[in-house]
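Submitted below is the structure of interest, expressed as structure tokens.
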Amino acid sequence: MNLSVKIGSLTLQNPVTVASGTFGYGAEYAPLIDLNQLGAVVVKGIRLQPVRGNRTPRTFEVTSGLLNAIGLQGPGVDGFIRKYWPFLKELKVPTIINIWGTTVEEYAEVARRFDTLGGVGALELNVSCPNIKEGGAQFGTDVKLLSQVVAACRKATQLPLITKLSPNVVSIAPYAQAAEAAGSDALSIMNSFPAMAIDIATRRPRLANVTGGLTGPCIKPIAIKLVWEAAKAVKIPIIGMGGIQNAADAIEFLLAGATAVAVGTANFYEPQTALQVIAGLRQFMQQQRLQDVRDLVGQCR
Amino acid sequence: MNLSVKIGSLTLQNPVTVASGTFGYGAEYAPLIDLNQLGAVVVKGIRLQPVRGNRTPRTFEVTSGLLNAIGLQGPGVDGFIRKYWPFLKELKVPTIINIWGTTVEEYAEVARRFDTLGGVGALELNVSCPNIKEGGAQFGTDVKLLSQVVAACRKATQLPLITKLSPNVVSIAPYAQAAEAAGSDALSIMNSFPAMAIDIATRRPRLANVTGGLTGPCIKPIAIKLVWEAAKAVKIPIIGMGGIQNAADAIEFLLAGATAVAVGTANFYEPQTALQVIAGLRQFMQQQRLQDVRDLVGQCR
Amino acid sequence: MVEQTVQIVSNQRDTDLYFRLVVRAPQIAPLVQPGQFVHLRILPLKHALLRRPFSIFQVSGDTLSILYKSVGQGTEVLSQMPPGDELSMIGPLGHGFTVPAAGGETPLLVAGGYGMAALYLLAQRSPQKGIVFVGGRRRVDILCEEEFRALGWEVRATTEDGSHGEKGLVTHALQTELGRRAPGRKLFACGPTPMLKAVGQLAAEFNLPAELSLDEHMACGIGVCLTCVVPIQTGDGWEYQRTCTEGPVFDSRQVAWEEAK
Amino acid sequence: MVEQTVQIVSNQRDTDLYFRLVVRAPQIAPLVQPGQFVHLRILPLKHALLRRPFSIFQVSGDTLSILYKSVGQGTEVLSQMPPGDELSMIGPLGHGFTVPAAGGETPLLVAGGYGMAALYLLAQRSPQKGIVFVGGRRRVDILCEEEFRALGWEVRATTEDGSHGEKGLVTHALQTELGRRAPGRKLFACGPTPMLKAVGQLAAEFNLPAELSLDEHMACGIGVCLTCVVPIQTGDGWEYQRTCTEGPVFDSRQVAWEEAK
């Protein structure tokens, strides 16, 4: 039975990865799960400099979901390489590094730094974080800026490039096509959806940042639709995510057109989710007598 | 204690209405609840001619939500007036009629028909139904078309006009402002969100229409954010909706900037919801020693 | 139509995955007509919002019961609820069967699986007795046979695996019976859609009236959401009618199955 | 750190809204250090996804217990779960208290409400005995006083309404004690944030070391989501550190409260 898939030139032993920002830098989960079983480890978004992040509260639990506005707290490229890379580079599975910047030049510079590091599996361009004032979402909702960012990173690195699209657009097709045309090897769909909650007792927003990104099972039907539409618009592979809790959810993404998937918020409440998804996917393929996981991709008709 | 609010020239005895398409033509719920307790009855979308609607399956239950693609089945203006208006016009509370068309002219013509009918409370322009191939959503995602539709209806009727905006836009502010500028007296936010689900056993979409609109508690944080943003952009009142299940949810919408609210999907599973919201709102105001419900509107800081 | 919080009196396994739920529903029970249903909110289900529809099986004083199969998240949770727990119920709903008049046509009832539940009240309240054809895959799918017999009805059971009654499909047994061409008969059926279609075809073939109780997914259950529609023949064409309101029981000649796909 | 499905051994009301939950957790119990916590997934909660953090109260062989207050949807559902039911537990988590060394400083423990739970193991494992200051609004908020006494600790209770012990705030009783300026003392506190801030101020004022166990909202509980961060003084400035990983126990001098708002 073949579970392996390709994301650009990168081969994943199975299509199940984790979502950036929900898995730290991998090491944190190592006591609980065997990271080497995953398709890939995807780390939290990194820009050039360290980032302090937003004030607290930063997350709030909502019906079947989570609202977050972390503000991309992180160690910066150097901090990451010093603190986390020694562990990650020893893994048998690839590490995908989620990167961002506040300018096109910063994106490219971060890409260049990781290109020269050696051993990185792929770069995921986060052009869609809804929780950052400068940078983040505007790159993901403006087709021209998106093209520029992707093209600049394409020039800066040989590594497989994955563009993580914003769900917050009228139609995802032009963005998917722009990323493809500018040299992206794959797409990640979707990032969290802009949302908000208010405490009626205090009349204050539940998040210090006021608005945040909605994730978890509540957004799955939105994510499935975006993957479905993007898959019809481009030839490059898609990593689908948004509310995956079990193998059935992951298979739904594959059928919609995703070549791989990522487990996000579910890691927080059930760290075994990604491994359960892999096991469940295997079982499903056995039951359906499928030899190759790629025979599921885009098979919803 | 004052619960009444104004939507244009229309006074509602309280801010709790129902969402179009989730309350039929009012009469259906009459055996279960006293319609005269509501702020207003809002009927299902009506265009000039009868509409057969989409094939089945038309709805699918998802995590904390519902996916639907009814396709605006309805009796057309004449059928509505013949079958449902005799009952509705006898209600003590206003009826808001949700209308749509496939052309600007059709919208205006439907508006004119209801203008001459006499006794209608207000018209709600549905420019955002995601489940109709022609008409529907395109009017809600193109600022120019939106302005045209609203302006044409404004010319066609003296009735208060409520524009029901699409959530499926990068930023809702320009749409809210366009509707206001073209003469809309109020906004309804939000319609269902484009989404999809797939049956992994059959590999078929769960809805005959393939995609549908997501509603219910799962979308509430998205709706709150849209209301919050629109309220900052316009002066006209907003009717907030999306996942309201109880008074706390409704108050959250008021604090975000809505002047009134609508109960939608919750009617399907708990027909008493709207009445429970009214009772809960009263209780909350008592506890907080509030004299006027309008003192809650937009009070989140 | 009433909405009521009802208390579980009993909730016991019948056979295999089938359960019988009895609730005290004093406002609903007295109103029930054969073929109607209730719309149940299973309160412990939190992330699954919708009510679930079930045919009203039996009525006794201020209690009513349903006979249900555990097939998914709602029915599974329901099957674990103990007596004393509460449910929210809306009912009776829908347009049921026409109860045969004394001296009128002889009723032939046709049921698949939990379809039996929809037919019990009809058999009980019909002054004319007749024959019940009941089918299922295995022995455990044949429900409440004895209760129909106790009403004085003849029961003919079929199972696909032959583990009980005749081996084969219930519509096969029906066809054999219809082949006798006894006069003055009418069919009443409830079960899976393929079975209903087959019954409809037999009715057409033998030129008999037939009432079919359809099983469509529902959201509201009271006619507002337009989820449960089926294509129904009207004068010149067809239109979508609501299983929860105009149905669940329709005249088989009116159901325009071919328009549905 | 281990993830384990644990079985409820007992789950009983203590006082008022406080409950004691004992679970069999053979992989977690032996590893526990005072001040650490577990992250509990309350499985019947379906539409509320996150785990809930609770201090580890007591450990005995392969069981451990928590002492919790029913304050919201999760703890309410938890309080209704019978023995035999299962929970998913990750633990032990976090960086706990420094257990006082024999002959070292005299520990003064300060607890508000369920803060007592975080301090019991510390009292039990500390070779040095000291004084426990425990406060609450009413009598029912004073938990496990006798159990601390049974360990040989002195307990001073305060209630805001005077219904038990001294009337007033726990920090007031502490202040009075600190006013005696006995040498060689160290504070350990767990409770609501305002109480912790007050303890921190007293520690500064009397120039005493203090370890505070912070109560921040958490999502993952294991250091990846960055929900639970608090501003912590570093050499030249401050940075956000994680209550679930670098904490929940921090040196009071390091917590840069003023940066948090």
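The chains carry the letters A, B, C and D, assigned in the order they are written, with residues numbered from 1 in each.
Definition applied: contacts are C-beta pairs under 8 Å (C-beta built on N, C-alpha and C of every residue); 3 or more make two chains touch, one makes a residue touch a chain.
What you see is a predicted model, and the numbers here were worked out from it, not measured in a lab.
Participant: Using the contact definition given at the top, which chains are in touch with both subunit A and subunit C?
Facilitator: Correct list: B, D.
Participant: Have a look at C-D versus B-C and report the one with more C-beta pairs in contact.
Facilitator: More contacting C-beta pairs are found at B-C.
Participant: Which chain's centre, taken as the mean of its Cα atoms, is farthest from the centre of subunit B?
Facilitator: D
Participant: Could you put a whole-Å number on the gap between the CA centroids of subunit B and subunit D?
Facilitator: Computed value for the inter-centroid distance: 48 Å.
Participant: As a quick test, compute the distance in whole Å between the mean CA positions of subunit B and subunit C.
Facilitator: 36
Participant: Can you compute the centre-to-centre distance for subunit C and subunit D, using the mean CA position of each chain? Integer Å is fine.
Facilitator: 57
Participant: I need the residues of subunit C touching at least two other chains; which ones are they?
Facilitator: In subunit C, 47 touch at least two other chains.
Participant: For subunit B, write out the residues touching at least two other chains, lowest number first.
Facilitator: 63-65, 217
Participant: Which of the residues in subunit C come into contact with subunit B in the complex?
Facilitator: Against subunit B, subunit C makes touches at 1-3, 41, 47-51, 88, 90, 216-217, 219-227, 229-230, 239-240, 245, 260-261.
Participant: Which residues of subunit B touch subunit C in their complex?
Facilitator: Within the complex, subunit B contacts subunit C at residues 21-24, 28-29, 31-32, 44, 52-53, 55-59, 61, 63-66, 68, 70, 73, 216-217, 265-272.
Participant: Help me check something: in the complex, which residues belonging to subunit C touch subunit D?
Facilitator: Answer in residue numbers: 44-47.
Participant: Could you please specify the touching residues of subunit A with respect to subunit B in the complex?
Facilitator: 62-65, 67, 141, 168-170, 193-198, 200, 203-205, 211, 214, 217-222, 224-225, 228, 243, 248, 251-252, 255-256, 284, 299-301
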